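Lettered A, B, C and D in written order, each chain numbered from 1.
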């Protein structure tokens, strides 16, 4: 045992040496961050990491395998990145101008976005918007291009739907948001709507994200139902690097083994996204729950967690809806929901 | 197409016939529920289902396979069960007497349970309880039997730990809760503590649950990190059927692909558990987050979702803790946490 | 208890009535299937289901709620669909002509697809293809448009990469496959390559799938890492409904809590996809494992499960690869892998 | 940019210094491993890690936070452990004597374990064993203590079931295996059976594992349906550290979002468990699939992956089984399964 104790002493000493080198390295990393900021260069540069890794592998004489060394340095890279990113965020927590003197983010009240899952007809839209507007909602959502799991489900009215959305948003002096699913229809969505939505299924569609980054319109970027928080932030970076920082991140539930909700609302993502990025965060309650009977509780949860906005689905007649009837609120349910919203949003 | 339309008409007609039979069947199911209640019999009887299924299989002439028929009737059984259960719950939403004039559940204020992950020494416990008590917390938690993933991690002080817990709970006039991990140590936990905890790892240990059901003490039953909500309720039933209804359900995060939290806090489970059972629901924030920097946001989330109580871990010196140091709050962090708690819990 | 027994008898009787109506309904569903086949109409028609559901809801007098009725009938629809689909599949298990007298599917030998993750340079490609070809591989893969999680990772050489791929495929008389990520680059991929790949991240990009369906080239459709088997089949339907049935489904691992592999290879999906569709199924071992040391075992697993083809990544110098270096085999590893492949594929 | 390049050079240099220290540290870690082996001490010692971490935290002057330093060193600890463990395993790949001249593990043929999910009656057991034995199976499984999700499901015959199992194992000269669920019934299982099974639900029941470790009988330790591979190995360590190394690890599927199988068979775990431990690995196909129609394909998959044994459920009349009827094979299905087994096990 004496021998082991002696060896352990050596390990402690080497570990302290490593500690000092790690912090020395971290100091330089921070300096690079400052230099980069001066030059306006992106913080993350994976090719650099790959170059360094190959230098290390070439110089590695073991007993650690190259794989082990790469994994250890991967952790060092990751922790180092955080040194740079945290600094950036502290500076830039955003307040985004949506139009009509409505703002989201820093120091702004919680916004409410409501409307039907799909725009189905002029009558359906008119009647639905009418009761949303009655409760003071300022932003109207409505799907014209619907990515549906089955090719035989209702796929949306396309441009005709966008025109209806624009018409009724104007009629009630509301802002409008609708989802783009291709680079082609993105142009139309940007033409008719005030805010562009990138749906969960397209969070990994990087060319579409880049095209969105070239526009200046506000973008709601939904988290894919199997995306990690880091992946969502990297998808946002695809938009941001093209020059568009008007990004609103949207938690809408992740896929887990639990079946009593359609997806599991990852409420922890709200404070984490707000800590790790400068973007406002909203929550789509209808898609995560997939059921209406717990919406008021989830509303309390996301407001309590510090969300910047809420998105929900409403329909004049949910039982006859062409998509997601189960999760759209009717007028009565929506009124109760907004009453709860008003109560909670005053509090937190 | 005319032929197809004709066939579809027939399908509509048969479907309506099935609808009527389903509701006729449901009426009888409800009647049985009432009869059972009179006799004090359990609602669910899977052997009945299996008997009926085998009758159906024997009489099934296709084209549906026996498997298909079983799956369809499984849905019918499940929906039918809900008819009975919902009724029961409406009646019995519980208010549980924890002792010292502290109650949890119906019409009671949100309770706070705090304390160290593990009881490590008299000094650690004394100092930790001292600052918890200072902020008015009435229930003290502390682990004496620790189920640790690695056999070489600190396993707890056992009975010695329980004695310390009792001593300091008494000193500060608090209630105490600690985890039992076997039928043997359950007896000791029940002897020294006011509340018994069944940890996540033992949610499926049915003999332990039954032994807990034979005691009359309040039980905190934690959801396993891969348990569905239904499975948690069925585990509660193992306790309840032995005569102990003093059950407090505890959400503590589920295992998902997301790595930025230790587990994903399933906030939706709170309203669902409250709807589907008569038991109060608490949330263990420390174990789900596995990090301290988002605890205040999660606190808002679970209060907003309607939780009946909160459990968190605190330590006089988290950096030297023998278990889960990362997630235990020190005095300063805990004071800020309780300030937030007081602000939020006044509101709801 | 006598009362309960009497009620249970009634339930048994009503259940048998329901059973008979279900089978009567199933007979008509099958007839519709036959009529549709005569007319060349798609089997699945969700709008029909929605219409029927709303008829049922209107006629529902309870005690079952509309939601409960919808869930029960959802099961009936699902089981009914299987009646039609199974029939179709039995007839049409496909054998797809890939060109160069290479076939995949029914009665064809297991194919091997190999090549670098990304095409990086002419030298890298030439050297890599050279040793792949040496072992008799007939199909060359290589990424030109790389959907990378980080916008700062290497994004591929684009059209220049496709030209290189074509050049070296021709030089060695191999077929080529590369991934399309947008409707735009799909045209280029189709122009330069023999087989089009739709990557996991685009499995939900329905407009891209439809565009692929309008081409006649063979398509490898990869399962998204969080897609259910049903969703993969519905994505295939987006291609098929446009007239392209040359679809090869590709299992490449799903996202779970397990961290010792990059993704969890869902080997059960192989027999299920083959049962529930007419398409050949291949497995991408490199992406699911994310490590090279277990590839030979996974090869045995997927061959044992009845796979029609294998896809793996190889690189002349994995340590210097611009993407996914960890999971690409070098020459020596690849030779051992192909030796194992030859041993196993002779057997089955 | 020149400034940045200079800073990057420094980072490269420091990184190489860290590399050298890491390998120097690794050398000492290996030496400690050798010393420990001489003394017969356990390899892993988390308290050591905690001590070292607190030394580092105390000496950490930033800019890395204590948390960041802990995370980096956690990776170093983990990689270091592998240096010791890999060495151990290379030496000790086990061959376990099950009795009756049947062995499992190193150089032994693949074993087959079959029998009913639950022992229900003497008649059911006799008839079932009769056809299992007819196909040459040497190990009989049968549940006497059944951990069922619902307290109202059939819970097994208890000791009476064990006696029947012993009787029929003897009659047909087979070995027997049954599940223990508590420290109490473990004694009975050990008394009546040749092999003890610890079920998935009890993989985290550490006191039960320790009690099993004090016996010398072979143990089948099933992976919990939400356990990582590392956790399974640590649970095995709870048994091993008490002196019992006759451990057989059992993959039986993990819980994921996929619903077409009951659990997702994690076939990759087979080669990984064999690499990272010295224990044989078997696969329980019935529980992972939860359906019988793909069992032959899964059999090919696990044999191809290098499994040491197979476990399946059979029943003389699955439609009338008191538990898991869907997944138990009848005589005809089992005969076909064993024919496939014989074909495959010759090959791999």
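In this section, contacts are C-beta pairs under 8 Å (C-beta built on N, C-alpha and C of every residue); 3 or more make two chains touch, one makes a residue touch a chain.
Quantities reported herein were computed from a predicted structural model and do not represent experimental measurements.
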Which chains are shared contacts of subunit B and subunit C?
A, D
Chain of greatest Cα-centre distance to subunit C:
B
Measure off the straight-line distance from the CA centroid of subunit A to the CA centroid of subunit C, and report it in whole Å.
28
Counting in whole Å, what is the centre-to-centre distance of subunit C and subunit D, each centre being its mean C-alpha position?
30
Averaging over Cα atoms per chain, report the distance between subunit A and subunit D in Å.
39
Residues touching two or more other chains, restricted to subunit C: which are they?
226, 255-257
Name, in rising order, each residue of subunit D that touches subunit A in their complex.
1, 3-4, 7-8, 10-12, 14-19, 21-32, 35-36, 39, 41, 48, 52, 55-56, 59-64, 68-69, 71-76, 79, 82-83, 255-257
Of subunit B, residues touching subunit D in the complex
42, 44-47, 50, 53-54, 57, 66-67, 70, 147-154, 181-184, 201-202, 204-208, 224-226, 231, 234, 237-238, 241, 255, 319-320, 322, 325-326
Contact set on subunit B toward subunit A in their complex:
226, 228-230, 254, 256-261, 264-272, 275, 288-289, 293-294, 297-306, 344, 347-348
